[in-house]
């Protein structure tokens, strides 16, 4: 029995958590999100290299959040998701026990959100090399080539909203895309509507995205949709020096400003 | 053909600086291209980026966004927030290959009637040169043509 | 009554070429990481060596956006323009998987059920499916558990089975299939004796026993078996949209100035909004209830009303699920528990 | 042994040979190896930027590029004019990428990142001062007028030399040698600079004021760090004296010479035997 | 179903010369929802307005679009007309077909088409307008005046004399400000204290004025008519109620060598002190930073001496909560000290002084009883150099603006010097003489012509000391830049007037904007010179920009008039163009998720949290709430809100969206 199972079992037994959100064996050698509500389920939790999914979105999911206190098995991206959710008041100190598994495989039990911040202070977040490569490739293209690339991707989008559902920060009860007075974004999954949806999503994540790439992972038609918020996160890091999901009291980049902010295009 | 093209350009402007500046252009009888039509907002901070998308998906060939110069905002900081919003939005549009040359961001104060005329004329002639925004029209019209 | 012919590997591209002279031809095309049914002009464009396209073939008869009629608003009211069915194109789909083709039967049952849907009917009538039997499968495939097979002819107008030489066994199944043959009769060779089609098919093991599935699933309605699913399912619509049969739709008006059109769009029972009332009440309150609806609809309500199941075992929903909601596993569990 | 890049420039091989000698002797004494920038060229001095902007930037830029090529992280530039040109050029080029591109094209070399350019005062502060007290054998026990001139301290935005109008650094160094720096107002007064050759009469007037003021305020030596200042105050002393109609014999020392003297170096090593105004040890 | 009326104005020929108004009217009549459309020569005239009123009644209109001039011109006119006809004024919109169309385009179809496009756009907007009621907020008729210099005194007295309560907050132990330090004032040379001290006393005695000295603003919230302000009243260590102001304590204080702030360091004071003899209130305070008891724990001499037992070493800072309807900012200015000038010796020469120090030297109540003696050795200076523009108008020093008062007071200084030292020579280095003002130029001419001040147009490059003299080196630009050297005995720098230390943080506390030099920003440089962008907060005096006494007093009276005007109503009526967070039935309550990012984006701190509770009082949800009293309707939060949970009346999402669509789709 690994440390994660022991801790989960203890938290459930003492009643410190009603449910432990973690990973379990999935279909055919994959892993899936798993929920331990009792000793038996706690024994089935796993943690290994395959556990890259960001589970933070389960924290506010309607079927789970009433069970708070929760415990959650966390990798770095889950940690950042939780911190960002705390920044936006979606979770409070004491709502959640975070079981962070560090690079050495040690389980660090964070009961207070500040303890997560301490864990994150050790980490310099970096985007995946393959994402960086694709972003660089796109940056090197002409605008026309980029347009062709993205339009061909947008044509494939079926507006299933897996990207939104998988995102740790898309917690709105009513998403902007669901607003129909006015109907900002068409319901139909046509190309321009899809484009508007993905631009809106990326904009709404700007300054907030924790760069987990979960939206791209979730896409059933393999659109690299995570590149949009990640590209913005990188740019925001470069321009404003802010990184989301590292500290609770972080500046909200798009809802704050400095009078001497730079730009080079406003005439 | 080039000369026949009359672009559709929407200007999103704030009430206190650019709208007033455009009023001054009128009072000063400075002529400019009729291709640009103004929609009035209280502040650049009010201008939702989604409106720019709606403009393009409804056939605009170009867009102007204009408000008070930094430090001159009637509401003290709406334009500062807008500035960050446009920095990010423009980065995103460029990354997606949307033609950012079709969006003019500018500050025009209530005193800059002549500047408004110049902004309009420069934008109009630039968009005329770029031609109709066919690429965007193609994706918005697909649903109407089939 | 089917006829069996042989189509050599050299003849296959010629056949595609011949058909595309008069009709639009579609087939699985690879585009980056994605494989989808796309318009092709030659056989070279077809993807090879894959299990199944990412999206099912249902969009040929039930596209993600279907215009139902258009209208113009004027000062006095609204003027409606009906859709012209003549504009619906004749199409040939090459390389459709047997499960996708079998799904057409279920779709037909849905759209032809009182009243019959003329747009769907016309699309189906004008589409010829040249199926390709599966010579490979993965763990997610479970057509055999639901009475299908990698070489199932259901729904196809012609079914091709690729042999070890690369030549194809061609089963001409319908009059639409016959029409294809008449386009290039020389390409199809007559055959003698049993070509042992089964030899070239993939092995798809049975995952569960489907006998009495409907009753067993009904019995599970009020059990807590769905609790874990309620937690795990994140409520996107990926499963429904990739499914060859899911046919729930939304009706919307798209407007542009004074013009407008009413469109039919894919929808999904997995989405919270699907059943949300204006009042804020949602009769399917939890994700568990929605997942249950998905299973019930496919394996209980559809058999009850339409005498077809809503699932052909293609496994797409499970492959594409971001949180590994495995439908076969779920069915299996229901069968064991009940 | 500390190894540092070194750019002497023309003065240190000509009229200011004694400056070079004192710098080199100090380096040896403090176990520092000064390595010349390979194939160095003219810094453009005070003339080039009046005539041709690109040339005036390209000349120093080439020196910087050569230093960078040789892997130097910092260069010591004792001549204040050279120091000024190199620093200003580096600042301008790294502020203005357009200009940088233009200059790189002219010299057919590139500059990747700024290097540290140290004047003699900074060099002393960083490499000499930490070990100075142990080396002093004969404290420089005299009133001195520290004279900074213009090139070390201006433009202030770029060079950031301590206090613009009343600089202090050399005074503080001289204090460490045991000297008593006088408070005087002409620390950055104009010496006449390049007019030395064309309008010696003006230099006599301008430098004369400096020599007179220093003497009247009790200075026994004027301490400088610029070959140009030194030339005007020392070499033009006869012109000064005839203009002022009085014999002023206050000697002018490079700061490196003053340190050398305090550390017991001989006249040959400090180069003071070359001065026109005699130095009494 | 919408019933819209469209009214196209010819504006004489201003519009009709290039726009075919009849055609626009005809096209508008064909728009869905438009039930009445007409054109008329002057829509804003009485008959024009009557047409609108008649149409509203006759056609039962639900919305009105007037296509005419800029709404910035006539929107109130037409809204009023609509209201008179019984239509909610906010159901009236204007399309600007004059400034934005007829005046800027040539006559032709394109211009007429544009006029119609603009009209159509506003028709679609007005279909989505809602009837709105103006917002009423009560007015608390107490004003807070921050700063007790001449501007603050004037504003306080004016408001108090108007019958309203005033709370005057002064940072220093006494009111009076810089004016109380001045010797005589230009251009009349009347004694500054003689004219100021009666006003100071009036403040102290006024029944409507409450004075807090040694006090600063701790925090402020609320909005016009309803400010809540916390004032920190610093411990004076003297019980004001017991103290009779006899001054005995100050005579025996053992710490006597503290440079006096009032005397600009030219004289010393004790640790328990009254800043100057005419101080108001005239009661001492203990300067704890210098008091021996507070430094060493021993002394208490003053306590032993005090006949009333007023000395209270235990006294603590007091936080006073006050409510007010208006705030007047009158925090004044400061001047740069001589150490700001490296070229003039970094402040190290004792005889290089600033203008305020000279005022003290020249003042009859000053350290020298009005005799001009230089600080270093007390000698009477024979040559005095006055340098105008010391720091001012010098972008390299970061002060590009003109300090405005220096030309005049430098002339006054030269004059006062000459009056007191007849044999002395005043030199004045200047850039330009700016003497615009009543009797101002005459005054400077008098200084030059009658009192013989030697004016040299040029800058001073540096100053150094030699043999007890200050060598001032400069250039005379009127003599072709000829170098000038003057061996002066004293130099007076007319140093730049700058904003007060702490004005930035005060502005942030009050949510008032400020310029790059930290002077408070007026709402409009021409038309709203005493208002700030925060409603209910006004500016008086030099906290807005350098000002002389008459200007400061005028601004103060202006600000007071604004306050009295505000206080003349029991309620304030505000435009209902404010943002709102949506509310809906349970279980959703609101689509607001309470991320609170709008709180940081609001320029007015108008957004707060609101807890939604169930019947048991448990919090179910926390959402944003916008205070309509504070909201100014900029809409920045609306555009930012991700879930579209905030909307802005008058510029709602639906309205602007329909405008964009209508503008582009014809």
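Letters are used for the chains, namely A, B, C, D and E, taken in the order the chains are written, and counting of residues starts over at 1 for each.
The rule is short, and it goes like this: a residue touches a chain if its C-beta (ideal position, glycine included) is under 8 Å from a C-beta of that chain, and two chains touch if they have at least 3 such contacts.
It should be emphasised that the depicted structure is a prediction, and the values quoted were computed from it without experimental measurement.
Considering the contact criterion stated above, the chains in touch with chain C and with chain E alike are A, B. Here the chain-to-chain distance from chain B to chain D, counted in touching steps, is 2. Counting steps between touching chains, the shortest path from chain A to chain D takes 2.
With centres defined by CA atoms alone, the chain at the far end from chain B is D. The chain with its Cα centroid farthest from the Cα centroid of chain C is D. When chain centres are taken as C-alpha averages, the shortest distance to the whole-protein C-alpha average belongs to B. Of the two chain pairs shown, B-C and A-B, the one joined by more C-beta contacts is A-B.
A separation of 34 Å divides the Cα centre of chain B from that of chain E. Each chain gets one centre point, the mean of its Cα atoms, and the points for chain A and chain E are 46 Å apart. One simple way to say how far apart two chains are is to compare their mean CA positions; for chain D and chain E this gives 51 Å. Contacts with at least two other chains are made by residues 588, 601, 640, 653, 657, 661, 665 of chain E.
For chain C, the set of residues that touch two or more other chains comprises 65, 254, 256, 263. In chain B, the positions touching at least two other chains are 49, 54, 58, 71, 77, 81, 85, 143. All chain pairs in contact, by the document's touch criterion: A-B, A-C, A-E, B-C, B-E, C-E, D-E. Taken together, the chain E residues at the contact with chain C in this complex read 30-32, 584-588, 661-662, 665-666.
Of all residues in chain A, those touching chain C in their complex are 19, 26-28, 30-35, 57-58, 61-64, 152, 156, 158-162, 164-166, 178, 186-190, 214, 217-218, 220-222.
If you check the complex, the residues on chain C that touch chain A are 31-34, 36, 54-55, 64-65, 138-140, 228, 230-232, 234-238, 240-242, 250, 252, 254, 263, 265-266, 268, 271, 273, 286-288, 318, 320, 322-324, 326, 329. Partner chain D is touched in their complex by these residues of chain E: 342-343, 345-346, 462, 464-466, 471.
Within the complex formed with chain B, the chain A residues making contact are 138-139, 141, 143-151, 154, 176, 184-186, 188, 190-192, 195-196, 199-200, 202-203, 206-207, 227-228, 231-232, 235-236, 239-240, 253-255, 257-259, 261, 263, 265-267.
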